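Everything below concerns the one structure shown next.
By written order: A, B, C and D. Residues from 1 in each chain.
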Amino acid sequence: MIAYIIRRIILTIPLLLGVSVLSFGIVQLAPGDPTALMMDNPGISQEDREAFLEEQGLNDPVHVQYVRWLGDIVTGDFGESLIYQGTPVTELIMARLPNTLLLMVVSALLAIVVAIPFGIVSARKPYSLTDYTVTTASFLGMATPNFWFGLVLIMLLSVHLGWFPSGGVATLNEPFSLLDRIHHLILPAIVLATAETASLTRYTRSSMLDVLDQDYIRTARAKGFKQRKVVYKHGLRNGLIPVLTLIGLMLPTFIGGSVVTEKIFNWPGIGLLFIDATFQRDYPMIMAITMISATLVIIGNLIADILYAIFDPRIEY
Amino acid sequence: MASLLNIENLKTYFFQKKHVVPAVDGVDLKLNKGETVALVGESGSGKSMTSLSIMGLVPKPGGEIVDGKIMLEDINLTELSEDDMCKVRGKEISMIFQEPMTSLNPVLTIGEQLVEVITYHQGVNRASAVEKAIELLQIVGFSRAEEIIRDYPHRLSGGMRQRVMIAMAMSCNPKLLIADEPTTALDVTIQAQILELLKNLTKEFDTSILLITHDLGVVSELAERVIVMYAGEIVEEAPIDEIFDEPYHPYTEGLIKSVPTLTGEIERLYSIKGNVPSPDSLPKGCRFASRCNKVFGRCLEEKPQLKSISNSRSVRCFLYDDEEEVE
Amino acid sequence: MDVNVLSEKENVKSKGPGEDFILEVKNLKKYFPIKDGILQKTVGHVKAVDGLNLNIKKGETFGIVGESGCGKSTAGRTIIRLNKPTEGKILYKGEDITKASENQLRKSIRKDIQMIFQDPFASLNPRKTLGKTLMEPLEAHQLYKNKKERMDRVKELLDVVGLDPSYFTRYPHEFSGGQRQRIGIARALALNPELIIADEAVSALDVSIQSQIINLMKDLQEKFNLTYIFISHDLSVVRHISDRVAVMYLGNLMELADKDSLYSEPLHPYSKALLSAVPVPKKKGEEQRERIVLEGDIPNPANPPKGCVFHTRCPVAMDVCKEVVPTFKEEKPNHYVACHLYN
Amino acid sequence: MTLPEKDISKNQTITSPDINLEVKQKPESLWRIAFDKFMKNKLAVSGAVVLIIIIGMAIFAPLIAPHSPEEQVLTNRLAPPSAEHPLGTDELGRDTFSRLLYGARVSLTVGFVAVAGIISIGTIVGAVAGYFGGIIDSILMRVVDVIIAFPQIFLLITLIAVLEPSLGTLIVVFALFSWTGTARLVRGEFLTLRTREFVLAARTIGIRKGKIIFSHILPNAIGPIIVTATLQIGYVILAESTLSYLGLGVQPPTPSWGNMLQAAQDFSIMLYAWWYPLFPGLMILITILSFNFVGDGLRDALDPKRKN
C-alpha cells in the first residue's frame, strides 16, 4: 500500500512539470510585454522600463526564464505582483486562500451530504415519483448557470427580502462573529454547490442502479435479506466506490466555479484575485494561480485514487 | 416418499410494452424429500425463470407470477409476504448460480458473506457463526479455511468461489437447494470436483436438489429424475435411467441425439431444424411443431396436454394420445 | 527449452515420406508481458503458449482441446497472425509467415487462412448488413470483376451455408445465434480459404443449434476440401469432428494422437483425468465410469510450475516431474506424449 | 403397451435455413431502431422541439425581432414587459426580446462551431491513441492529463484575457482546450472495440488498417460521440455565457446571453427591474436543459445494451 502511494506520488511529478510548462507557456502568448500597462503612467520613463525588464530577467530567452521561474516556484517563490508592487505573489495568495478553501470545503460537503442520499433513494425505486422529482431537480441544477443563480438569489433574498448579505465574508467593521460568518457563507456555498450536487446525484443514482443489477445482489437476496439490507449493506459500498472518483474529478469544477461565485458575492478569495489579475495583466499572479489550482486538482485526484485503492479490495498493489 | 415441493400450474409472465412473454406457462412439478431432479432445456425454455419463481426473485418490474401455487411442504410460497419469504430464502430454500465470478460481493470478505447469513437465519452470535463458517468451508473442501475467511472473492478461482457459494447455500441446512447451471461456467476438471461435492453434500445433509441445466451429461451425474422444458412448458418427465434409452418426446429425442458422444459412435449428428420460437409469438398448436419431424395436422391446430404414460413418466405429445394411462 | 527443439526434430522426423503439411508450427511461443511499477517495466510474462509444435495435414481436422487458460485460443490467434509470435516459426505451405508484416500477410495467408469465432453476437459488425459483411472480403482482395459478380458470389455463399439469399440486406441483430454463426462461416469461406481455424465455434450455441453448425462444417469440409484447426474445450465435440487431437495444458502440449487412440487409450495422466471428468449421459445398465477427480486449480500461467507444468495436480507425480521438463515424444506410432511415465 | 415409431431419420439437410425469422417489410438498421427509441422518450423529444424552436428563432431573428437589438430609446430605460417590449427593455432602453434573439445566434454559433472542433480533435486523438496504443497512446494521454489538471475556466479566462476576447478567440480557445474528455471517451471505445471479434475478423480477411478504423470501429463508437457532442454544446454555451458575464466573452454592444447579465448586476436594476436579469438566464437554462434532455435521450437510444 505504502509502495503504491509512493509510486502514485512519483507519477505526479511529470504531470506537474507539464502543468508548469502550460501555465508558463500560455502567458508567453500575450502580445507585448507586461510593461505595457506601466507605460501608461507618465512618471515612468523608457529607461525605467528597460531597467525593469532587465531586473525581472524578461530580456532572457524564454527557456531560461522558464527554468528560472520553475526553480523559484519549487521554493514557493512565485515572484512579485505587478499590480500590488513589491508584494510577493505568494503572500497575496496565502492571505486569500483560507477564504476560498472555506467556501470550497463547505460547498463540497453540502454537495456530498445532499447528493448521495438523494441518489440512493432515487435508485432504490427507479421510475417512482421520488425518482422523477429527484431527476427533474438534478437536470435543473445541472442546467442552471451559477452566476445567474447567484444573481437571482441575491436579488430575491438579499435585495428584496433582506435575509442574507449580498456579498463579502463578514460585515465590515464588526468584531468577529461565527454567526455572521455563517450568514455570509450560506448563499455562496449554495450557489457553488448546486451544479455539482446535481451531477453527483445523477452519478450516484446510475452507479447504484448498476450495482443493484449485479449478480451478487441477487445472491444477497437469495440469502433472504430484506431489500433494505441488500441495498445498504451489499449495494452501497460497491456503488459509492466509483462516486469517490467523481468527487476527485469534481475538484477542478469546484475551483473553477469558485471564480464565478467569488465574483458574484465579492468573496475575497483566490478566484476574485485571479479575475482582477487577468484584467490587469498581472502575469506572475496569473501563472501562480493557474499553477496552484492545477496542483490542487492533481493532489485531489491523487487522494481520490488512493481512497479508491483503500476501499476497493480488488485493487492490488 | 413425502413431497417437499409441489408446483401446480405455475405461470410467470413478463409484461413488456408491446407484448406479454409467457416465460413459464403452466408448469407442474413435484420434488420429493432428498430427491434430485433436473430441469433441462435450452436457453429461453423457462427453466431459470421457474427457479427464480420458486425463490420469489422474479425480476421486477415486468416479471410477475400470474397464476399457480408453489407449495413448500404445506406453505404456499406465492402467497407469502415479502417479509415471510425472506425467512424462507437462504434458510429453507437456497440457491447457487451459474456465474461464480460475479455472484459474490467483491468488497466483502468470504467470512463476512458466510457469517452474515448464519447470524441472520440462525440467531447465533458472531463468534459461533465464524466457527460454523470455518467448518462449512472445510466441508466444501478448503484446507486453509481460517485463511480463506479473511480473503476477498477476487483472490479465489471460479471453482473455489463456487465452493464458497455452496457453503453459503448449505449453511442453514436447507430443505431444497436450487442449483442453476452450477458448473456451466467452469472447466471440466473443476466441474467434476463440484459435481462430486454436490453429490456428497446432499447425501450428508439430506437436501433435495432442483438442478437447472442444459447439459445432459451433468444431468445423469446428479439427478434421479429429469424434467424437460421447451418454450415455457414441460414436455417430458422421466426417471434418469430411462430417458436416454427411451425418450418419448421428439424434442427430447432430438436433444439427446444432437450431442456428440465421447465414444464417438455417431457418424453424423442429428440436428433439430430451426430455432426455438420467439416467446412473444408462440404458435397456436404444439410449440415444438415447427421443428418436429413427426408433426402431423393436429399438432398445428391443437395444443397437446402433459399426459401421464406410467406412474413415473409423462409426455406432452399427441403421438401418445391413445395410450392408456397406467396407474 | 532445448527439450522443445529436440522434440521438434523428432516430430519432423516422424513425418512419413510424401506427407504434405499445409501448416507447420515449430516451437511457437507467445508471451504477454506483465507490466508494473513506475515506468511500467515488464516484470514478468504470461506464458500463454510455451513451445508448441504442430504439423497440420492437408484436408484433416486437427482438434486442440484444453481448459480455459491453456493457451489454445492464443495459439489459434498467433497461428493466423493476429498476435505477433514471441518465438518459434510458423510455416504455411513451407512459407515462413512468422514475421511477415500486415501487408505481406495480405498478399499471402489472408486469403488462405480464415477464422471462425466463438461469440456469434460479437463476431459480426452490428452496423453492417449481411450483404456488406460478406462483400467486404471480396472487395478487399478485388476478387471478381464487378459488383454484380460479387453479389452473385455472396448469394452463392449464403446458399452454401443454408441461409436465404433474401437476407442480404438484413442486419446482424435480426438473426438468431445459429444464423449468425452461419454468417460467420460464410464470411470465412468467401475467399476460398484452404485452412480454417475455428475457435470455440460452437461453444456459445444451444445443443440443438450446435449440431446444425457441426454438421454444416463437416459438409463444407468435404465439399471444399478444407483443413480445419478446431479449438474447443468440449471433448465430445472435438472427438466428433477431428481426425487428430492435441491436448494442451498451461501453454504446453501434453499429448497428440489420432482421435481414436487418444480417446480410447489416453497416455498422459492429464488427458486421462480430462476424459474421465466429462459427464456423459448414462444408458441403462451402463457402468459408472471410473473418475479421476483432479485436486486444485489450474496454476497461473504467469507463474507456471517448474518441471512438468502438470505435476502440481498430477495424481501420479514423481520427484523427477518437479524438476525436469518431460520431452514430447512418440510413445506409440503417431501417438505423442510429454510425460516422465513413458521414459 | 406399444409405442409408435420414434425413429428419427438421419437425412437432415444442413442447408435448411432457420425458419423462424419473422418476416419484416424492411430491414431495421440500428439507426432506425435508435430513432424509434428516441421518439418514445418524451423528455428527449420535447427537448429536441424546444431546441428546434430556439435555433429557428436565432436564424430568423431579423424577421422575428420587433426592434433592432442596438436601437436605444433612452427615454424608455428599464421598462417592464409590455405589448411594445414583451420582455421589457435594458438600461439603455434596448428591447430585451430582440437582444435575446440575436444573443441566441452568438450562443448557438459558439456552441456548434466550438463543439465541431472539440469533437474533431478529440476523436482523432482518441482514435489514434486507442487503436495504436503503446508509446503513442502514452504520450497523448499524458498531454490529456496535463490539460485536464487545469480547471477549465482558469485556462479559458487566462487565454482570453491574454488574446483579447472575440467570437473567434472564444471558439478557438474552446476547441483547443475542451477536447480532452472526448479524446478519453473515444480512446476507451477504441480500446474495447479493437479486440472485438468482428474487428479481428476484418483483420483476418485482410482489410487495411485505415478501413478497419473508419469502417468497422468508428461507426460503432459514433453513438457515445454523438451523445457527448450534444452534452458538450450545452456545456460550451454555459461556459461562453459565464465568460461573457465576466466581461471576457462577446463584447458589447453585440448582445449575448452572458453579457446581458453582466449589465444586470447593478443593485438598482435588481431592485426595480427584476425582469431584466430573469430572461437571459432562463434562456440559458432552457437551452442547456434541452441539450441535456436530448443528450440523455440519445444515450438511451444509441446504447445497444438497452433493449426496448
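Convention: a contact is a pair of C-beta atoms (placed from the backbone, for glycine too) under 8 Å apart; a residue touches a chain by one contact, two chains touch by 3 or more.
These numbers come from a predicted model, not from an experiment.
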item	value
Required minimum of steps from chain A to chain D, each step between chains that touch	1
Between the pairs B-C and A-B, the one where more C-beta pairs touch	B-C
Chain whose Cα centroid lies at the greatest distance from that of chain C	A
For chain A paired with chain C, centre-to-centre distance based on mean C-alpha positions, whole Å	54
Chain B and chain C, separation of their C-alpha mean positions in angstrom	33
Separation of mean Cα positions, chain B and chain A [Å, integer]	54
Chain B and chain D: spacing of chain centres that average the CA atoms, whole Å	48
Multi-chain contact residues (two or more partners), chain D	12, 14, 16, 18, 20
Sites on chain C at which at least two other chains make contact	176, 178-179, 212, 215
Contacts with 2+ other chains: residues of chain B	254, 257, 268, 270-271, 273, 275-276
Contacting residues of chain D [partner chain C, same complex]	12, 14-18, 20-21, 24, 27-30, 33, 196-198, 200-209, 211, 216, 219-220, 304
Touch list for chain C against partner chain D, complex	77, 80, 82, 102, 105-106, 110-111, 113-115, 117-119, 122-127, 129, 136-137, 140-141, 159-164, 167, 169-171, 173-176, 178-179, 184, 187, 190-191, 212, 215-216, 219
Complex contacts: residues of chain A adjacent to chain D	14-15, 18-19, 21-23, 26-27, 29-30, 139-140, 142-149, 151-152, 154-155, 159-160, 166, 252-253, 255-257, 259-260, 263-264, 274-275, 278-279, 281, 286, 289-290, 293-294, 297-298, 301
Complex contact set, residues of chain A against chain B	127, 214-216, 218-227, 233-234, 237-238, 241, 311-314
Touch list for chain D against partner chain A, complex	142-143, 145-155, 157-159, 161-163, 234, 238, 241-242, 245-248, 261, 264-265, 267, 270-271, 274, 277-278, 280-281, 284-286, 288-289, 292-293
